[in-house]
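Next come two complexes built around chain A: one with chain B, the other with chain C.
Right, the complex of A and B next:
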């Protein structure tokens, strides 16, 4: 490695000094001189595979930042885009065959499926964590394995309740409620007024998994305990299923078949009063030249995900992180590229350009102007802070990834909502399915 | 003397070439050389992946981990997995219903197109359209057609006053199964129709003339001339049609991802879901391998069943 020991010690000591000093004051402020860099290998060139943009500003600024990196280091970076759901299989194949992009922006537990194929990023992650106020808990959980960082969290494509202000006010609420019982109440009123809610219960990886996990955990239910024993068949789970069964009665018809794009389409058609989604719905309406869309954007507001009986946020969001593969001939260049892109000078303008579509995993970026300059982005600010991880409260593993890919939680809620099984039977059935993956 | 000996030996050397030369001139060797490229392609791109898939099915391979031999454990777990059996049921239902309807409608369309119709060439081209359009594109079109809120079918029926509310095409398990089967039928008919049409055009006209002279009715002409002459091509077409339908993936993946409640999961989609997004390569391979016996049975039935002379002549076993 071209990153010399001496240079690392200089950086580490500066970072450590800064961190220690700030901890005495109860906060972790960045130290002025804390910089770190990895010297790219001679002749290095990089290939990055990332998910296709959800909002145009993201891609434009990502490319601009990458161009800046190339100008400063001379390392060309080729950026390949794939539909977000296709990144996972491509990353898996790259890991399996030992060839492919140097860096991949993957999802959820991807790094935990092939940890030994990845370049450890501990030095870089610790440096960034110390410099920018520390990593949020869920980000650490996603990025680390056995004390080593194997992924570098980029953030979450967070989901919030997206709603039409006027219709919510017509239903007697000033803003969309965050209490479960009030959500049930407003859902009934919205339906009575002809503007029902709708949230995906089909095999939509992002939306369906997001809100169903949030409610399951909000009632205290979970798939596994800390020792990865399946505990899904519990009274808390049944309570969550009873709740969703009642909530579903107020949904617009057809949500059992909804994939990720459905709620966006229906919301923009003005057929529903509220749904759970990223900021992309509002962004699409705002940037449309159609006056009807502009009016929808004007009336669209965002609220934090409801908090359940457990009394604290229990959210699940699409979480993305960078992975550097061991087959890469230029690991230093890759790490330097990631460092550059994660630094405040690049990260904050990128987050702003994307109107906060990606919520940060580093605490200091909560001060980014995006959360104040664009008020409708503000509810998305704490997505990662409020987040739990897939497979909570067990480990991220093959089992957690497989259980999510098999839609065990989504199907459980869909079965109870549709009346295909009683909540108790749905919980038992889902627990049996989960045990297949969590078997020793 | 020495000169004489050399003179005698020289012609013998020309007549008896070296072993390598003789080998290269051998007919068998030449055949082997000509077969090599095809054999290499078959081995590399068919036999090896198939063998690897079968092997993976006996391992606990996961993405990024090669796995170890676990015998029949994957199959034992699948045997106890209700989602797997639901996918098997769905696959059979999907294949049987779609194949029968595709055959019926395809044959009917072929018979119509075989007659002298105005704009015959254009009509034949139009019939091929569903087959030409990339599956993913037609699947996206169906996704809109079946949309719970924007379906053109529901909209029309509501506007005509036939229905009061939109049909939940993909949200109800029974509707979803019927909808994906209908989409598959729409897409598969042209293949059956055009291939059978090609078969129809090879039947000598003299046979029909002889049948007419013998006083055969149109149905008798179809039953005793057209159908028996067409059975070899029906065997081939239906073999392919069954294979395509049984292994369908794209339509389901775009329309439902196997939902709702796994009601439209086919073995192919479940195999992908478990192997790639789920990371369980061994189990995914085991599901894929489980399809092989069914596919072999379909092929054997088509080849050895439909081509039986007795069947072709209208008899039975």
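Right, the complex of A and C next:
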């Protein structure tokens, strides 16, 4: 191919125009093919609202990484913390009034409540996906809407079966089983030995929603189908309720009123042999100066959530993702900050410092040292990989968020377990409640 | 007990309740306490209900106190330690609260916001209540009713529109965001309370002052307010307590840790995911409730007198 002066000018003009256009759009690729960066706006400064630390290492490393970002880019970032359950109302207010933090680390389907208020993050998400082995399915579901990325998944605070190994071995199992019928069996044996199981059936956002959805989906039940028609009142749901009703007989008393912290306290008091939880129970016991707590930490192990008759994992975990709001004066700086924090050099040390409390949404991070260096973290590795989404198998929407906020699934299981309603009646009643939201 | 005497006591009791405590001097002889003369009856009708009442009211404080003084080891071990007593008291939780969190700052913020918001609300409420009760302008009753209805609107509905106003005025994340929004529920409450109190003050006193040439403002300041001190204290204590405990506005309008109030701050710093630092949380709740309790103890007599109607015609 001959390269005339005229063609060179055309080509170089196009390249220059493209480069200029990229600059205008705030996108540049200065270093290598697999590196993207966004040019922060002059004088940019950022404000991030995130959930307060789950484990100390998480906060320390997040701040250290942020400091590194500021040193490299000159963009100061102010980090505000809020209790994790309080981030959602604050994010909703910020979205509605059009002012607030530039970036918020929200929960579950928050971006789908106000998608038009958010800066699209498609270029950034695609770049990260291509570079780090792709996003897991649940991450895509939570992060995308109508083919556009509106949130950048950070991961999930996963839940696993947390158990006392000695008591499980006393019950005749080498480790905690992952088959539903074996779980029923060990629950009975644990109770007979004076170390019953206990899982939240009160309005616990994480724990109660997590295990009840897992059981419901494990039997093939679901709230809505792919077209968002309520299909909760089904034989599969009744089977799941019958199962939990029987399981509940082996629980420690009081679980109907349990919120998220209750199982932690009871477990650390040595009153239960197994529960479902994040890594925080073990972390708290391990870091305690009390020898009794350290002994509990020593004997504590984690197992993957049981798999039901459907034959594949059906988990729900506390999913968190970053949102950049359109009212931000510095969207490019915000995207650059997110890119920086999600890159391997920052993400993996942060995940390690948090002892795997947050499971990754990008496949390549499954190779992070945290999953091998801390063996008790290993069961948490595939939390996002194995999870579905609230409102499965319909869309993420106002209805899915409202149905979960109203604890329809949790209440249904609690009513059946307590005998307040028969499993059939509980399923009918829950379906009626769900229809109210899905009619809108 | 003879039947006659029992009938006499029953009639005396009935008269006592009919006359009420507002007219103690007019009570018929023996009407106030005679019906309690029998000790077993006194125990059943007074002391036992009083003890139950005290237990219900004070047990949360007791629980907060013992949890504050317990180590985690004791807190989680129900078998070797009684949950109702402290075996090995420790100040670690209080130390953590005061020296490892921004609690002193949150306490100061809460005090500042509560005092200023209460003062502002009382000033507005006095003017509003006086106007509605005494100026008797057209629609005064309706206005009074509307103010009362405004109090019934829950903050969970108001916080988004209020957030818009707060942001537009550039008050977000400043103490003024709370100082100026708390009166939205304090003023209706105080106005409603003071309207009732002003109504109990004889109008003739003001008429005399009017004849002597006092202006409306002078009447308000020199006659009505001095007579209304118990009512003002009562409204002030209520307003202060409501401000002190408020959560949803403080959560929504404040972001920076250094501007937070106690109810929001303790949740942010002392709850790590699903791990609650119960000892420090209880220490925070206990220390946070002390200023309100002290305030009550100083003004309890005025407070009670305002509840029972203090001004006699």
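Definition applied: the second predicted complex is superposed on the first by the 406 of 440 C-alpha atoms of A that agree within 3 Å, B and C clash if a C-alpha of one lies under 4 Å from a C-alpha of the other, contacts with A are read in each partner's own complex, and residues count from 1 in each chain.
In the analysis below, contacts are C-beta pairs under 8 Å (C-beta built on N, C-alpha and C of every residue); 3 or more make two chains touch, one makes a residue touch a chain.
Note that this is a predicted model, so its numbers are computed, not measured.
With the two structures aligned on chain A, chain B clashes with chain C.
Once the two complexes are overlaid on the shared chain, A:372 sits clear of chain B and of chain C alike. With both structures placed on the common chain, the touch criterion links A:169 to neither chain B nor chain C.
Of the two partner chains placed by the overlay, chain B and chain C both lie in contact with A:96.
Of the two partner chains, neither chain B nor chain C is touched by A:181. Of the two partner chains placed by the overlay, only chain C lies in contact with A:280; chain B stays clear of it.
With both structures placed on the common chain, the touch criterion links A:253 to chain B but leaves chain C unconnected.
In the superposition on chain A, A:265 makes contact with both chain B and chain C. Within the superposed three-chain model, A:229 lies out of touch with both chain B and chain C [touch as defined at top]. Of all the stretches 24-32, 114-122 or 204-212 given for chain C, the clashing one with respect to chain B is 24-32. Under the contact criterion defined above, the residues of chain A that touch both chain B in one complex and chain C in the other are 89, 92, 96, 265, 269, 271. Interface residues of chain A, counted against chain C in their complex, comprise 47, 49, 52-56, 80-84, 86, 89-90, 92-93, 96-101, 157, 206-207, 260-261, 263-265, 268-271, 277-278, 280-281, 284, 288, 290, 292-293, 357.
Interface of chain A with chain B (complex): residues 85, 88-89, 92, 95-96, 113-117, 201-205, 252-259, 262, 265-266, 269, 271, 398, 401-402, 405-407, 411, 414-415, 418, 420, 429, 433, 436-437.
Note for the complex: chain C touches chain A at residues 71-73, 76-79, 159-160, 163-164, 167, 172, 248, 251-252, 255-257, 264, 267-269, 271-276, 278. Chain B contributes residues 62-65, 77, 81-83, 147-150, 165-166, 168-173, 176, 256-262, 273-274, 276-280 to its touches with chain A in the complex.
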